[in-house]
């Protein structure tokens, strides 16, 4: 593996990990709202959350550019408040990946939350546990399989994200060029097939690793959560 | 002295419930047929279901008041709830289930864990997950979890239904002791008249979502259809025979001897005498193993099919004897007649040792 | 009736939008245009796509197809040319070095976007590549690069003059033609093209077609070098 | 005549189970403490758990044979199973739950649905989903579902545990009738000695995963710790008094009168007489409501604390009387002495009507 | 709306619907295997199923082109056996969309299947139901929420699929040009923004419709499946 390739792989992992980790809590919150609360715009919220899946990634990329670019309203805000710049940075790649992965995170978590037995939460409350404690000791552990499924889907998507990323942060080697972008670039040139294939294999290995890890974690959770032979 | 006042009306789906009763410290049984609304009432007291109207006050604290808009959250009501379905946390070990109120609920450490674990026979299962426990084991964990929650009100929905007689015989006195020591109201749902008679100070009879009657176990269980007729007599121990382990109880106007090891002199007890255990003789007899021969007056004779129920006045107290209608006729029993009630000492159940401060009803 | 399928580089969108109706009006032959990256289209033709005409933004991919005998070599025509310019939202004035001195410079990805390759060649020729590379932003296509400059995300963008003209931006600087390989748009009939394909190519190279290209800011291919529109005989 | 032969050994997790018994048509009770392995044995018979060794044969059909590699799938075993936890289908209405075996299991239409629904009092709930049913209602649906499955073996794991006495009193005779009419083995797990005595032909005592004893209810339940001592007597109805609704039963060597409406002349019945319901007199007495005065010989006197258990020989049969030790001494009871056992007619429970072909034990 | 736009919308709906409907049973089967069976290559199978998410869509598109193109081995097979051609047809667009949506279908279904109480299936078996009947009357209805969640995610993804589609079946108006591809085409022209926006709005509306429909169906299922107030 060349040094450039190693850098690309590292960057990809970093971007995908950051995207998943940051999107996860937010996705959980949204999933919780959708699973547990009744409000008027519920269907609408679910639809909005699903949008990045429906729109062509290029459109989402443009949207991100308009909102989070250095000139965009949110971009300026983030810059001013957190000193965080997205445009043409790996952070932007993570943002794009996170946005695109978001719907994939929300759905399984919502599904799991809907399946949690409310009776157990009630039981916890009768034992004196405050809401947040009930959440941490009962709801969250019981929703773990969904969280895990969402995280795997989201991570995989973040790893593979291409359209929105290239539109939002461009393809800057060493800064925003993730595996996907690199593979794409290579495939665009008549002579890039072999190099592209190498990176594709790397991608596959990364995904395999993530999936196997999640399967293993899933078994742990199930052993813990079920106990039925 | 704090008790629980309940006066609520509400719905569970399409089923309307309204209930009004008070529960003093000690055991109050909710008694009623399947589907009568017992669990629903408990849920409303716990706060996991919401009444439409009314008030619930515990020990002076208003838990719920529809008019005043008060609806204390479940966690703040200070309850311990044994649900009808066990509702154990499937992802937590038995130990963590039992101690949940301590590490998650921040309830005070009351009863010691090893004591409760030993009582419930859960020593071998502490590190297992609930998933593979047997039905009775699950139920025991649920009981332990509620007991260890240091509750100010204990709500128990058929807590012993899937336990064997021996285990019940171990747990019942403990529950009795919990109710007495901690001076908290215990609301107890059960179908076992025996259990109710043993434990309860008061019975709330629930029928079709409403309280049909509230009264002493004697009053309510006596008339229970399908149940056995029995009377509860309260009195004071006036004599103890340590050798034969019998006690003599003065029930006011008469004394009853019963087989009861360990009853202290002067203690106040409630005795349960089943109607089918009372025979009638027209005069006292010698040479009988039946030592309680109580002179009574017949107050009423009710023939129910092949059986006759004879209400007997024994001073202030009442006894009921159930004999065959054939016997009643053969003996020519009639109202006003003086007869002798025969009660075997071993048939008298000491239903409950009462607290010193408890009023004799 | 026979219908032609034109596989055209995405950057040819506006041109095709105008050429095709004109061609249909003149010849009565209908045509549909499939727009995608030149590379994608080329590979699809290799995989047996039902394309009659291939219009590439890039000589390389046309050669790649020609090599494999997937386009009729005789039909290959350079139908348009273009010039490379710098657009900038900043008001800076001065030479090319000054314009590119600050901020991000958006351009096509030199690893595969033709405009990016030309830009890299031009900048290298002018000795600016090393200083610009650090600040360069490699967009997926010229349109995105242009958009980045227009929205102020990048201080400047190196794009085709035709693109700049389309959005009404006047170029700050035009790279001299000798600073980069000629920018050419070759078109050809595929090996299994329907008969009308040649007519379409002729139309592209003809007066009406060329007028449309001119109007959109493309350069006349004849001015770009020896190969006229009539007979560009590809590299090899 | 087909029965069930069970001879298995296996594990549930780390809990080892081994059981060997046969169950003839009629009710066989599995009796044992919580966690003894009763449910596990039922599961192995049903096929939802797999024994490691042994054989299970039902009515000549081999359901399981480890040696021969036979393991019939659950669906083909022809069982009806009332699980300890109800396992109702949450997405199906009560009606669809009840009739599941018919529309999904292609079991034959046996018992009519309205009959079972009426028995279980589920008329008002047929179109509801199980989610909001009360605990007892759920249990009733589970019973109905198994009864309507037209089973060849009926496995019931504490089916009446959360039902009220009245409902039990309605369902028990029905179960009894099902067992008799359809001539299928019913394996019945229960903690209620009364229920077991009432229903069971045979009791399998389970302890710590093994069968401790197999025998008649009298044998097993009599010695049950914590239970009440009682004897079961079997005999034939020799006299019926339709007016007083009493029956006279010849138990071989003596007759017992009991209050029992509707007992047909000549029927064979099992009577249950609790030791605490039997008094002893040194000679026959007049003027007593107690009509059964049976001459017996004292065979053994066992003093247990304050009580004495007197084993009485009544011809071939045995009776047990439980009186206070004090009485026993006062009457000077000794082995070999002729005494009169006093048994109230209303205290004699008709435990069970037996099938004509059933052997008197 | 112009006639062309209407045609594009219809085609998109057709492609997304076909992709979802055809992928659903297969996804269910795979999810079932993953949820219920223990076999050696389980993690690997899950990884393979997840791959289309990880790889840049262009790579997946090229893969499809190689396999299912007129010259590809599977393409020839399908042509010979079913008379089904994928290359440059709407069927190919549906295939690409289905492949890309596949991981999104599998995960929630698997999650739901894992959550189904095995005790209920046992109960059904004791009542005489054969496996397939147990599956149809118990497992499937109880897994419906996951099926629904998967279907919505999958349909949304199928609607929005771009990279693999354009690579596999090209962007031929009237034949393979779905909404996503049309939006892409419009965005290629500096003057296409307005028209692109119109189509984006149409996409959003379609997604909104699908999501609202699924929310409504979800409520129906939950009312049916739970009954707890």
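A, B, C, D and E label the chains in the order they appear, each numbered from 1.
The rule we apply is simple: a contact is a pair of C-beta atoms (placed from the backbone, for glycine too) under 8 Å apart; a residue touches a chain by one contact, two chains touch by 3 or more.
Keep in mind that this is a model prediction, so the values were computed, not measured.
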Practice prompt. Name the chain whose C-alpha centroid is most distant from the C-alpha centroid of chain D.
Written response: C
Response to the item:
Of all chain pairs, the one with the most contacts is B-D
Worksheet item: Using the average of all C-alpha atoms in each chain as its centre, how far is it in Å between chain B and chain D?
Response: 26
Practice prompt. Between chain A and chain E, tell me the centre distance in angstrom, where each centre is the average of that chain's C-alpha atoms.
Written response: 19
Fill in: Inter-chain centre distance, chain A versus chain B - centres from mean C-alpha coordinates, in Å
57
Discussion item. Taking the mean of the C-alpha atoms as each chain's centre, how many Å separate chain C from chain E?
Written reply: 36
Discussion item. Can you list every residue of chain B that touches 2 or more other chains, as numbers and ranges?
Written reply: 12-13, 85, 132
Worksheet item: Of all the residues in chain A, which ones touch at least 2 other chains?
Response: 62, 119, 187, 228-229
Response to the item:
Within chain C, the set of residues that touch 2 or more other chains is none
Discussion item. Help me check something: in the complex, which residues belonging to chain D touch chain E?
Written reply: 46-48, 73-75, 77-81, 83, 85, 87, 89-92, 100-101, 104-107, 128-132, 145, 149
Worksheet, complete the sentence: In their shared complex, chain B is touched by residues of chain A numbered 117, 119-120, 122-130, 133-134, 137-138, 141-142, 224-229
Worksheet item: Can you list the chain E residues touching chain C in their complex?
Response: 58, 61-62, 65-66, 69-72, 87-88, 166-167, 170-177, 184-185, 187-192
Item to complete: Within their complex, state which residues of chain C touch chain E.
Response: 5, 7, 10-11, 13-14, 17, 32-36, 40-41, 43-44, 47-51, 141, 143, 146, 163, 166-167
Practice prompt. Going by the contact rule at the top, pick out the chain C residues touching chain A in the complex.
Written response: 37, 39, 42, 60-61, 64, 104, 106, 109, 111-113, 136-140, 144, 147-148, 151-153
